[in-house]
Amino acid sequence: MKKLILTAFSLATAFVAHAQLQPTKQTPESSELWTPVPRLVTPGKPSAVGSGFTAPSDAIVLFDGKNLDSWVSGNEGGGPAPWTVADGALTCAPKKGDIVTKQSFSDYQLHIEWRAPAKVDGNGQGRGNSGIFMQGIYELQVLDSYNNPTYVNGQAGSIYKQTMPLVNPVVGPGEWQTYDVVYTAPHFNKDGQMVIPPYITVLLNGVLVQNHTAIQGTTPYVGQPMITPHGPGPIKLQDHNNTTSFRNVWIREI
Amino acid sequence: MKKLILTAFSLATAFVAHAQLQPTKQTPESSELWTPVPRLVTPGKPSAVGSGFTAPSDAIVLFDGKNLDSWVSGNEGGGPAPWTVADGALTCAPKKGDIVTKQSFSDYQLHIEWRAPAKVDGNGQGRGNSGIFMQGIYELQVLDSYNNPTYVNGQAGSIYKQTMPLVNPVVGPGEWQTYDVVYTAPHFNKDGQMVIPPYITVLLNGVLVQNHTAIQGTTPYVGQPMITPHGPGPIKLQDHNNTTSFRNVWIREI
Amino acid sequence: MKKLILTAFSLATAFVAHAQLQPTKQTPESSELWTPVPRLVTPGKPSAVGSGFTAPSDAIVLFDGKNLDSWVSGNEGGGPAPWTVADGALTCAPKKGDIVTKQSFSDYQLHIEWRAPAKVDGNGQGRGNSGIFMQGIYELQVLDSYNNPTYVNGQAGSIYKQTMPLVNPVVGPGEWQTYDVVYTAPHFNKDGQMVIPPYITVLLNGVLVQNHTAIQGTTPYVGQPMITPHGPGPIKLQDHNNTTSFRNVWIREI
Amino acid sequence: MKKLILTAFSLATAFVAHAQLQPTKQTPESSELWTPVPRLVTPGKPSAVGSGFTAPSDAIVLFDGKNLDSWVSGNEGGGPAPWTVADGALTCAPKKGDIVTKQSFSDYQLHIEWRAPAKVDGNGQGRGNSGIFMQGIYELQVLDSYNNPTYVNGQAGSIYKQTMPLVNPVVGPGEWQTYDVVYTAPHFNKDGQMVIPPYITVLLNGVLVQNHTAIQGTTPYVGQPMITPHGPGPIKLQDHNNTTSFRNVWIREI
């Protein structure tokens, strides 16, 4: 430790030739902080069915492989979530519409696993297309991007129609893939302008694809990102007419 | 999709009463981007020995359980890394000094697993203490923080003597724990001031403990964070006189 | 314009050798956005008495040179602000205590001018010391830092006891100086942890001294930055026992 | 000061009921930092001809009202800057092409004043159109946006075709307006991806219009923002076929 201090000191003095020395005494205790004490969380275990971890103790489990109790239809009028549950997975029922969580969220860590259909049918945006919408509005794209060229701000790991992923770490159709997401909500002012944008960090299959990316606004299929003031919002999963599946879905408010 | 657009539109118009409509035509293609194409990366598999993932295809494996070929002594004069390798783990040899990677890094994703000794001996900063230094300078604390009160900016998951973790998701002594780190290097100007600080995001056992935290400077045991200009630097593991172990260590430049 | 596009395109294709071309048509209109329309603000004029600008049309004038109507005492029990107003300036009445605005704020742009006493009396922290506290808690230091060595995280332009200024652009004692501040409030979670820290950008006499600096917590004279959850807070001016003056104070919520 | 500490302490303890007290002693000196000492800069004076400040002592004056010595033509082949200098102002010579600084920059503070023609001719993008390009690539829009509706990501204060200004604080045609800009350069990786985007903060006539805005890529008239790796770049002023003028142009590397 002594050595470290000397090294840092030498570097600093080499750089700033006439730097002044601090005339006063420091103790180890003088940079200690004792409150607030971070809350205890029991982490999950390596997932038996999935990649990554199971839900930690403070997570809200949004899908545990058994039922759709945490979800409703995203169609006007709501109603029960019209997707199917089988073999521990939740699968899109094409043309039945999106599904959204009953609960709304602002700042969170989200874990979700997804799988494009094993049988490849179509290409580009037609293969295993779905999406995970932050606060119901900002889409993290889900797509079978394995040997499947499309526009790069529309491939898996992209913030749809905005920011491409840093790399493409997908696995093949029929294989489970994981998203680990850290998201903080935007803050709007009275004018409806974004004073702080949403920021998102994403690992896809454990590989960084978005690092503190500022989301520009909504992620429409047609048009530019829109600035649309809102409060807490649900997680939305998109029906894009493909039988894309999800499992091991949990969220922690941060 | 049509519905989404209408909803966003309704919100926007409700908010800005006299907003103008865009007089021109948008097509889906008009917000597509086709270059550069993100590089392919084959992700790792769920780790057999550890938690989380094995190294993806573009990672540099810093410790694969077999040898210390990627490391040297951090003592003045360097030389072979003096820690021990057994049972797939790398363990600190107390009083032999720190070890550092041969390679230097700037912006990266780091995966590293660590284990405090199963036999609890001591308390506070004396239990399973070690540290993982970003660029050899900025310490992500390693400590057996299971039922072990200490100053909060010195517990596991903290940026040492700076920023406490958001929560405490540690497991018990003798159990393996994982860090997944995203780090971007600081940028200094000619005066030696930080124009952009280092930013770090950390998951501990899959749970977010640091989110885009700005590192203030060095992390000394005694004294304030120092601003010390530097270029790329190694990963350093600290000898803090405890037999803390590490395994499954890999890094990806981002 | 055509040339720019070609240049950008050449660079991109040179870099990513096998990049794909976008097969579809873009029009100028396809990247236009028409709502929300930014609100009109009439800017101030170059200040007759001060440096920089007078208050724009949407600012709240906190001190216009005439009275202390926008301020109260920061002492327990409150009461009228005990500082003096003369010659268009507001001056600290030593030992009478701090003053705070009646209104509270979260995200804002603040303009404030200050002047250390012309007669130099004392040194270091004893010369023209005061402070401007964001949300009543986070201190932007005010000090006569003209040929006056002190600790660098305590000189004018510093976030007190945290972050030194990038440079030292002060003018001499008795001269008016300006701060232009952009500040966004922290966001806390239920645990009392900061999910988003306060960020501050500061120009001192028109020269950048803090650029999107993350504030670590409170700025005590003794001890480490504390994480202390709070809502909107006032601007506080510190009584540090010096007759430091202020004028042309306005704030805009952003 | 004692009171402040007690207050902060009360808040913290009220929040975290069983928080532990720090058992050790802090002194005022323990949070002081003495190096590096911020470099001295003599700030400018309130500008006689313009708004805001004249150049501080460490600025590079890019236009002082007299000549175009710091500029060259942006046309292929370069050559002398083909714009006109009269009455202390620099005015675009329509159809002669853009002009760029001889020097290149990365991280900086830029002050520049501009004026749309007093005689209004045309509307929308046709009124007083020009642009100030960061590193020659990222456009901060210049436009006579006084009672002149156009797309909001194309009005004065916008990052062109990306981010609208927070408010519209322009003055009328024929009046001088000021931009104060803080800009940090993007960082690219070997793949040509942006690891850190450019960030920009802009005051227009002293009013905040962009706050730490992440720039998404290039700002083309047609098409999406492109990710185009580059090093330091010049300031570029755009010939958009209008006789827009500039004056009091200076830049400081930060």
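Order of writing sets the chain letters: A, B, C and D. Residues in each chain are counted from 1.
Keep in mind that, in the parts below, a residue touches a chain if its C-beta (ideal position, glycine included) is under 8 Å from a C-beta of that chain, and two chains touch if they have at least 3 such contacts.
Quick caveat, the model's predicted, so the values are computed rather than measured.
S.K.: When you check each chain against chain A and chain B, which touch both of them?
M.R.: Touches both chain A and chain B: C, D.
S.K.: Looking at B-C, C-D or B-D, which pair matches A-B on over half of its contact pairs by residue number?
M.R.: Of the listed pairs B-C, C-D or B-D, the one copying the A-B interface is C-D.
S.K.: For the chain pairs A-C and A-D, which is connected through the larger number of C-beta pairs in contact?
M.R.: When A-C is set beside A-D, the one with more contacts is A-D.
S.K.: For copies chain C and chain D, work out whether under half or over half of the interface numbers are shared, and give different or same accordingly.
M.R.: Looking at both copies, the contact residues mostly coincide.
S.K.: When the C-alpha atoms of chain A and chain C are each averaged to a single point, how far apart are the two points in Å?
M.R.: The computed centroid separation for chain A versus chain C comes out at 33 Å.
S.K.: Could you give the separation in Å between the centres of chain C and chain D, each centre being the mean of its C-alpha atoms?
M.R.: 18
S.K.: Hey, what residues on chain C touch two or more of the other chains?
M.R.: Those would be 12, 15-16, 20, 22, 26-27, 30-39, 149, 151, 153, 164, 166-167, 184, 189, 191-193, 195, 211, 224, 226-227, 254.
S.K.: With touch defined as at the start, can you tell me which chain C residues reach chain D in the complex?
M.R.: Within the complex, chain C contacts chain D at residues 1, 3-5, 8-9, 11-12, 15-16, 26-28, 30-47, 50-53, 56, 58, 76, 109, 111, 137, 149, 151-155, 157, 161, 164-171, 180, 182, 184, 192, 199, 201, 203-209, 211-212, 218, 220-224, 226-230, 252, 254.
S.K.: Could you list, by residue number, the parts of chain D that touch chain A in their complex?
M.R.: Listed in rising order, the residues are 12-13, 15-16, 18-27, 29-37, 153, 162-164, 166-167, 189, 191, 193, 195, 197, 211, 213-214, 216, 224, 227.
S.K.: Give the list of chain C residues in touch with chain A in this complex.
M.R.: Contacts found on chain C: 20, 22, 31-33, 35-36, 38-39, 107, 149, 151, 184, 187, 189-193, 195-196, 224-227, 253-254.
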